[in-house]
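Chain nomenclature is as follows: A, B, C and D, assigned in order of appearance, with residue numbering initiated at 1 for each chain independently.
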Amino acid sequence: MDAKTIIARRVAQELSDGDLVNLGIGLPTLVANHIPDHIHVHLQSENGLIGLGPQPTEDKVDKNLTNAGAEYVTLKEGGMYFDSVTSFGIIRGGHVDVTVLGALEVDQHGSLASWIIPGKLVPGMGGAMDLVVGAKKVIVATTHTNKGRPKIKAACSLPLTAKEEVDMIVTELGVFHVNEDGLHLVERHPDISIETIIEQTDAPLIVGDVKLMEV
Amino acid sequence: MDKTIDKQAFMALLHDNQTIMVGGFMACGTPETLIDWVVESGVGNLTIICNDAGFKDRGVGKLIANDQVKTLIASHIGLNPEAGAHMSAGTMQCELVPQGTLAERIRAHGAGLGGILTPTGVGTIVEEGKRVIETDGTKYLLELPLGADLALIDARVADRHGNLVYDKTARNFNPVMAMAAKTVVALAHETTATLDPENVVTPHVLVDHIVKEVG
Amino acid sequence: MDAKTIIARRVAQELSDGDLVNLGIGLPTLVANHIPDHIHVHLQSENGLIGLGPQPTEDKVDKNLTNAGAEYVTLKEGGMYFDSVTSFGIIRGGHVDVTVLGALEVDQHGSLASWIIPGKLVPGMGGAMDLVVGAKKVIVATTHTNKGRPKIKAACSLPLTAKEEVDMIVTELGVFHVNEDGLHLVERHPDISIETIIEQTDAPLIVGDVKLMEV
Amino acid sequence: MDKTIDKQAFMALLHDNQTIMVGGFMACGTPETLIDWVVESGVGNLTIICNDAGFKDRGVGKLIANDQVKTLIASHIGLNPEAGAHMSAGTMQCELVPQGTLAERIRAHGAGLGGILTPTGVGTIVEEGKRVIETDGTKYLLELPLGADLALIDARVADRHGNLVYDKTARNFNPVMAMAAKTVVALAHETTATLDPENVVTPHVLVDHIVKEVG
């Protein structure tokens, strides 16, 4: 199984029946493919719907039905449309149970950098700052390293998306909880040793009872 | 009172140095015909308020490509490389605003509020230059209202009074912008005698002019 | 013609075609009966509609269609319903052209007292404070005196509804404009002398070219 | 997921000392069946947030008459003499809030804002005890969010997911209260399989329980 699939599958296990969930562009989108059959979650797309369905076949494409990544999507039965003010009222108001998003960097205190590399990449924060501040549970889903460099840091060096809002980090190597006392390694990939994870992480880790990830 | 105007009357509404709000999310729900006419008018030095920079050849991206935009206020510009190029060349300024904050700032203007306190952006560079207000031990940014001279919005149907409804995720920023500009022009893809009073999204009193989409 | 009819008729002349108008409970409601045929205005009821129509016949009463005074009403063609947040967004945001309301007291600077007599009458301000602050033009429609005591004062003695927001006062004796330099008497009832008006007014009046009211 | 509950399950949601938001405007759009059940439950020491005090025998007035209300937060109490009597007797406190401010305070809680700046009430006794914040030379009152343990709302139709639409002016405060309470119970006068996704007013994710109106 490739890294992205490992991550998406593990994140999917965090979702509960009835949850309202927002999945960021890219890797987090894959989580939708791994939600267990007995769990029914409602996916929000912050551009204006709840009840995000799969991509349409080409003959069913509606140019006025897109997700936040400008891809054509569908609406599930029971879903509905709303405007941007309502959408972010729902997000900022704590009505989203889980938001899953990627990272350029994430640190031991749960601060996240995901929207700008000064002088290089300035796409903008879009809805990410509101999502991270507003959602009840914030999960960062990211490959453990970028070109060999750890993405989990003692402190983010890039401009932040939000300060100390991340609750959980899922990578292909392990699962991490951000607690008051620091960053806990709580699960590891069965083939990866705790030592390897410590080595590839640029932040102090608290290592207690470490379970094995289902992969 | 017939609010329908033709191209000529629309062109007369345009001036150099205007602040123009444009509905749409990655060009879904942007009134392309009106944007084409703004391009044709050649008015310049514009301040454009839009969720994003659109694409090079869709949405407000067309105005950027045509060098008509002095300042862009948006949450995201990543899908339009022209926007980044104009910023690097110094020919366009860009103010990046978190998407939920952008929606609330426009709403604040339209609803007569002096500003709103949001947790979004606290502890990030979005905080720079803003007043931080603490209530009950929590820090918030004071975000100020954002209004415009002109709002260009995209409606699915207008009735003969100017009441509007929108289409799926093409709704996005259109309704809130209809509250926040001195002059509001809606491009209507269909017209009808009357809409169901329970389902009107934008009341006619907010709409100054209707342009009927042809073809 | 009785005092209330004189006042209602004169206020109606202030309305222009296409105006969005809010009429307060009591005397201001009567204005609707005197709007000239060639003028089409849209009446808002702040509990949630634009397009207020006449009271229904008994067999047409709908208990879920009321005005802000809890009376059964109707909706005109082209009207629509909305919630309280939208209603007061429209009001506070300056989208109401004219609001007409009664007074306990109104003063030369345009401050209005209309919602409380401490220790005696505490009905609450309802939507009046928002209306007076938000509407483009604020007209106080009131009998000139209350049991012989002038309602127009140099300064209100009762708790205010809003400070310095009233633009115009219409009584059965005359019409008054609140300007920067003070309170102007601009029209008088044909049968009433300027001296009588001065005598029955507890505020200094600026008297220039005084026209005759149409009664 | 069936959200329908019966009377017994509803009664289990009620406790002494709760803060309860109740939809309705002069009892139009108040869920009378749910109010009757709160009366029957006998829970006391309640804080009630409602546009007004209703009537002696309709709306939240029934709770006041039954001595269950410790504090009423409302914009108007004039049509219920019982409310005034309870205030004079010192058995109930009343916090009067301008109607638009009440709507915005509830919205602020539901939308995750730390407060809003409103011009409403500046220079009046509503200003007392509040922070006055000046921007660009204009004074505003900082009004703080208002949330509740329970919201009791009145819907015309609920679909099987819990999406809601309302009836005419019975909409009023119901939608915003559905955003602002820990537990939201809607009294539905009709039920249906699904509603049109363009016309849903309250998305199902905001609604915890549905009580079906009988008869």
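Please note the rule applied: contacts are C-beta pairs under 8 Å (C-beta built on N, C-alpha and C of every residue); 3 or more make two chains touch, one makes a residue touch a chain.
Model, not experiment: these values are computed from the prediction.
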Partner chains shared by chain B and chain C (touch criterion as defined above): D
Given the two chain pairs A-B and A-D, which is bridged by the higher number of C-beta pairs in contact? A-B
State, to the nearest whole Å, the distance from the C-alpha centre of chain B to the C-alpha centre of chain D. 33
Any idea how many Å lie between the Cα centroids of chain A and chain B? 29
As a quick test, compute the distance in whole Å between the mean CA positions of chain A and chain D. 35
Determine the centre-to-centre distance between chain A and chain C, using the mean Cα coordinates as centres, and give it in whole Å. 55
Enumerate the residues of chain B that touch no fewer than two other chains. 104, 107, 111-113, 118-119, 166-168, 197-198
Touching two or more other chains, which residues of chain A qualify? 49, 75, 81-82, 88, 91-92, 133-134
Graph of touching chains, which shape: line, ring, star, complete, other? other
Listing every touching pair of chains gives A-B, A-D, B-C, B-D, C-D
Residues on chain D engaged by chain B in the complex (per definition of touch): 104, 108, 111-119, 133, 135, 138, 140, 142, 144, 165-168, 197-199
Within their complex, chain D touches chain A through residues 1, 107, 109-113, 159-161, 163, 179, 194-195, 197-198, 200, 203-206
State the interface residues of chain C toward chain D in the complex, per the touch definition above. 45-49, 62-70, 75, 81-85, 87-88, 91-92, 111, 122-130, 133-134, 159-164
Note which residues of chain C are touching chain B in the complex, please. 17-18, 20, 40, 42, 49-51, 75, 77-82, 88-95, 133-134
Interface residues, chain D side, partner chain C - complex: 25-29, 51-52, 74-79, 84, 87, 94, 96, 98-104, 107, 118-126, 156, 166-176, 201
